[in-house]
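Next up: some structures, all given as structure tokens.
The same subunit A turns up in both complexes below, where it pairs with subunit B and then with subunit C.
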Partner chain A sequence: MKNIRSGITFGIIGGLLTFLFGGWSVTVIGCLMGVGLGMGMAGRFERKDPLKIALAVLPSALTAAVLLVGLSLYQNNFVQEAIGKRPAAENTVLYGNLIGFLGTVLFTTLLAALRGLPEKQEQTARMILLAALIVAFPFVDKLTALRWTAQIIFALIFVILGLGLNIVVGYAGLLDLGYAAFFAIGAYTTGILSSPQHGIFMNFWLVIWIAAAMAALWGFMLGAPTLPLRGDYLAIVTLGFGEIVPVLFRNLIDVTIKEPFTCWILPGLIRLFGAETTMACITFVEHEDLTAGEKGISPIGRPVIPFINYEFQSSNPIPWYFLIIMIILLSVFIIRRLRDSRLGRAWMAIREDELAAAQMGINPVTTKLAAFAMGATFSGFAGAFYAAYIAGIFPSVFDFSASIIILCVVILGGIGNINGVIVGGLVIMTADRLFLPALKDFLSSLLTHTVLPSISDPVVQRAVSDNANPILYRFLFFGLTLVIMMAVRPEGLIPNAQVRAELHSNETPPIEDETPKSKKAKKG
Partner chain B sequence: MENTKKKFNLRRFAIASAVLYIVLLIGPIVGLDIPVIVESVKANPLQLVQFFIIGISNGAIIAIIALGYTMVYGIIELINFAHGDVYMVGVFTSLTVLSVTGTLESKDPGKIVFGLILALVIAIVVCAVLNATIERLAYKRLRNAPRLAPLISAIGMSFIIENVGLMWAAQAWLVPSFGTTGGASQKVFPDMLGVLFTSMGWDVNLLASSGLALRLTIKDLLVIILAVTLMTGLYLFVQRTRLGKAMRATAQNRDAAKMLGIDIDWVITATFLIGGGLAGAAGLMAGLYNNTAWWFMGFRAGLQSFTAAVLGGIGNITGAMLGGFLIGLLASFSDGYLNARWTNALVFATLVLILLFRPTGLLGEQTGQKA
Partner chain C sequence: MLELKDVHTYYGNIHALKGISLTVNDGEIVTLIGSNGAGKSTTLRTIQGLNKPRTGSVVLDGIELHKLPAHEVATLGVAQSPEGRMIFPRMTVMENLEMGAYARKDITSFKDDLEHVLTLFPRLRERITQKGGTLSGGEQQMLAMGRALMAKPKILLLDEPSMGLAPLLVELIFDIIKKLNEDGTTILLVEQNALMALSIAHRGYVLQTGEIVLADDAKKLMKNEEVQKTYLGVE
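This part shows the complex of A and B:
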């Protein structure tokens, strides 16, 4: 029964998504939905014969697929008209829905059936399947002309940022509200070192490491003064740093550094005794435009693959997609190794109880500084990639709301859990970058073609059309995410067992409930 | 004995001159160009007094908002991040009331006074209820959760209210003066006090007849008087009344207060009501004084007031007032002599320095360092 219910939920959500995107989207949504549904349901089964599991999930897979295709066909035949678009060509509809249907059923049963294999094989098989999907995605996207890849890349940038922040917030338990500062430092390092702004054009493959190192250095330097602080005071100080850094980048447009002794002190003394002076004033920099202020640094050099001399183009997102996937894989590898290392265990000990950890011989100073520096490193990677991908950086990108969006990613996904953060980043950023704009287009065309003509009062008409723009409610959605998650599920969608236990420490411990979940979380 | 004292002095002197040297060297980067500032003060010393007046008036508004932070922190040890945005709602509420009642177009002094008082009352009520609602929705169930959970929830609330402000500023049908440029731009809060005093035949500038190049307006006086009245009232309320005593007891030890029969939930709600009401009053005052309404103004005001609360010693009502005036002066001098673009960074730097070197603040009682 529970399985059927999941099937219905997924089917309706997927079907409603086709309302927004239309066309071939039913195919891609169907396959992705199948993967999600299969992985979600797999955990509910005992390890037994794969075929039996496949048969057991088949009804819910079929339910989801039927709902998806039904809603998609409804969209094509009725909704398209209401929003003033022509229904898609018959071939598109037939093949798109057919593949979507089969994809849902196939991926759901396949991923659920993997549960029947021994644990090692199950993981390998799932990895291979996911890898194949990740590799295939941009090409399918190109074939179906959905143009999602460019937006998915933004989501993946925030996945890296979330992974970095997860080290600070999730592992070491230090709430950092100014994390976007390190993102900005990484991006501006890249911008300054590979743009006409200062006439320096360094290779991207070198700059990305310099950016990461620079971010780590600043993570260390800004982390050092916050060491004596705890809890919300730490959060506020990091927020302060997070605000000061963009202000600096915004305003370092007229930098003058003069040696004060020769410029003011000596001449001042001489003038005091009534003599005239024309001393040479030692000037280091005068009226130097370091960061180009509000208008931003652009263009920024793109990466070039050596030997074959292929330069990345902004018109073709596929190479960028694979580059960021590689950076994520590298980051996940490093972070997993870090988490299981002595340092990682020290972070968690500090998070649980700093005094006790210090008593056990952990040095809180170096451990916390390492967390700040390591966390910042990954945002340095993300910043460098971002700067090169956009080919321009503007200070407004890195303000407080960016820090909070990254925090949303970590909190929605699950504090302290790598898989959770990846899911959180994908959900939040695809919602922000794909879903909201599509919803905006959908609503505005629905309004102009169906709703507005039936409203006679021009004032109401104008008020409705002005306010029916979901993009204006972005902050509301982020805010709601934080408030609702904190109230309902503070451990996130895919929780880390320890964090979960800690967050629910004041409730009576649900012992039976805890065991299967914690097994699942350990894999992350 | 004398020798060590001399050495000590020498060392202090060395440190001081090193700091001075560094400030002279890299200060100009952030606008802290001391020779230039000295020159401009020498050229126009009266300007110093002018910035002082502006600083005190803005400081009065900051102090009132800071009271809300400090009271809430004193009682439930939570940085009510949404408080600055409640103040923003106060600005928008009063502007909307003034617009709906037709006060904005009116030239009749009686009608303006009535409109202003109505706006004040409605802004206070709306903000008080809003603040208490925020507590019920977002903080109440997290009272026993780990410390960071309510803070994150508060940040979420702040985002939600900022978005409400953004949408509010786009409703031209409600307040025609918002215009059709969308909600993101800064809106004008009409100078109703100026209109009022002109229509009554008074000169707004009290020093106009003295011949000095200074402006001390009735607005300045009014803001300061209203602020001081509110602060005194709050101080007396907390010190003298039964509810005030219950608040102080709850701040000291929540469990013990509960055992002695104090209704904790009501005390906390009352604290949020009072804090929100003060923010609403501050909203009308700031709108009338600075003549802007902007959906994002709560963020900056909130951080300045939070800094003020921390500077005075968080949890300490007198401290919040002192801190408010000091931060107002700092911001005003920074606007005047450095550059307005550095003011935010300077206030933040102050906050960081206080938290690092004197987390108890100037008059602090609470440490606020419990994890």
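This part shows the complex of A and C:
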């Protein structure tokens, strides 16, 4: 019964999504939905015969598929007309829905059935399947002309940012409200080192490491004086840092750097003794426009694959997609190793109880500093990739709201859990980049063909059409998501086992202290 | 082995320790007794480096501990089972015990030591995969002691090991403390339960509002009229 209910929920959500995207989207949505539904239901079964599990989930898979295709066909036959768009071509409708239907059923049963295998095999099989889907996605996207890949890349950038922030917030338990500052430092390092702004055109493969190193260095510089602070105080300092950095980049448009000894100290001393001096002052930089202020730095050099000399193009997102997937894989690998290392254990001890950790011989300051610097490193990678992908950077991108969105990614996904953060990043950013714009288009065409013509007063008409733009309310949605998550599922979508244990400890009461029987006590 | 000389410790302007001098010799159990607020826990915190003495010195085998931060003191063989236990609530019992051995450079004997601790506290073995925060009070006390033992300390500081425990459990804990000492661990024991503490200790110090008012053999302290009246409840 629970399975059927999941099937109905997934089917309806998937079907409604086809209302927004139309055309071939039913195929992609069907397959992704199948994966989600299958993985979600797998956990409800015992490890036994895969075939039995497949048969057990088949009804809910079929329910989901029927609902999806039904809604998609309804969309094509009725909704499209209502919003004043032409229905899709006959072939698109036929094959799109057919593959969508099969994809839903196939992936749901397949992923659920994997649960029947031994644990090791299940994980390997699931990994292979997910890898195949990840590789296939951009090509399917291109064939079906959905143009989602370019937006998914943004989501993946935020996945890396989330992974980095997760080290600081999730592992070491330090609340960082200015994390976007390190993202900005990574992006601006790339901008300055590979653009016509200064006539420096460094290779992207080199710059991305420099950007990461710069971000780490600044993480270290911010951390060193502030990390003896605790809790709220640290959060306030990071908040300040997050505000300062974009302001700095906005205003570094007239930079003069002089060598202090020859320019001030020596002449000052000479004047002190009453003599006059016209000594040559060593100036490193004079009236240099470092960051181009509000205009931003653009264009920024793109990565070139050596040997075959292929330069990445903004018109073709597929190479970018695979590049960022590779960066994510590398990051996940490094972060996993870190988490399981001695340092990772020290982070967790600090998060639990700083004083007790110090008593165990952990140096709190260097441990926290390492978390800050490591977290910043990953945002440096993300910043470098972002700058190259957009081919331009502007200070407004890195303001406070960016820090908050990254924090939302971590909280929504599940603090302290790598998989959770990946899901959180994908959910939040696809909602922001794909869902909201599509919803906006859908609403505005719906209104133009239904309500608006019946409104006679042009002022009211204007007000209605202007305000029916969900993109205006994106921060309202972020806020609502956070409030609802905190109230309903504070441990996140895919929680860290420890966090879940703490938040729901009252549901499984601790074992009562039995007074040891006299026999037992004497034995001890 | 451990020597405190004229230690003055402050919390802000509050003069908590007013010139404490005490010694703990190798292989001894020394107990600090005194009422609430006498400065017992502060003395232990000062030895561990969690509070810095304003004047005076804390010396362990010739090393001046008062000049070192807490995490370095831990690496020198000082381990504490702190007041209020301070276990890591979201780590399992096993992970808590592993944290105890964090500062050790030689981890070759880790398995043997773990076995030793789990033999001392069989209850911990039953709970080995459970989260520290879900243990009962007595089990948490055992875990805090076990974690301190995993550091293979030269000197073990125990802060109120009997606090909040059922009487039978207190007896068990004190048996274990005695056994640990017989196996060669030097122990500095802070206790409100003066009778229990003096019955297993070699020597004792009586603390009153930050000052040591009495220092003697444990047996003699037990017979001291003043001590009997104030701390042992003998009329």
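Things worth noting here:
Heads up, the rule we're going with is that the second predicted complex is superposed on the first by the 470 of 524 C-alpha atoms of A that agree within 3 Å, B and C clash if a C-alpha of one lies under 4 Å from a C-alpha of the other, contacts with A are read in each partner's own complex, and residues count from 1 in each chain.
The rule is short, and it goes like this: a residue touches a chain if its C-beta (ideal position, glycine included) is under 8 Å from a C-beta of that chain, and two chains touch if they have at least 3 such contacts.
This one's a predicted model, so the numbers in the text were calculated from it and none came from an experiment.
Within the superposed three-chain model, A:Pro453 lies out of touch with both subunit B and subunit C [touch as defined at top]. When the two structures are aligned on the shared chain, A:Gly43 is found in touch with neither subunit B nor subunit C.
In the superposition on chain A, contact is made by A:Pro490 with subunit B only, not with subunit C.
Once chain A of one complex is fitted onto chain A of the other, the partner contacts of A:Gly84 are absent, as it touches neither subunit B nor subunit C. When the two complexes are overlaid on their common chain A, residue A:Ala356 makes contact with subunit C while staying clear of subunit B. The larger set of touched subunit A residues comes from B, when the choice is between subunit B and subunit C. In the superposition on chain A, contact of A:Arg345 is made with subunit C only, not with subunit B. Common to the subunit B and subunit C contact sets on subunit A are residues 502.
Per the touch definition, subunit C reaches subunit A in the complex via residues 48, 50, 69-72, 74-75, 79-80, 82, 86-91, 95, 98-100, 102-103, 122, 127, 130-131, 133-139, 147, 151, 166, 168-169, 171-172, 175-176. Those residues of subunit A that touch subunit B in the shared complex are 175, 177, 225-226, 228-233, 235-237, 240-241, 243-244, 247-248, 250-252, 255-261, 264-265, 354, 400-401, 404, 407, 411, 459, 462-463, 466-467, 472-476, 478-483, 486-487, 490, 502-503, 506.
The touching residues of subunit A, when paired with subunit C in their complex, are 342, 345-346, 348-349, 352-353, 355-364, 498-499, 501-502, 505, 508, 510-516, 518, 521, 524. Across the interface of their complex, subunit A is touched by residues 21, 24-26, 28-30, 35, 78-79, 137-138, 141-142, 144-153, 155-164, 166-167, 170-171, 173, 183, 299, 303, 306, 339, 341-342, 344-345, 348-349, 351-352, 355-356, 359, 368-371 of subunit B.
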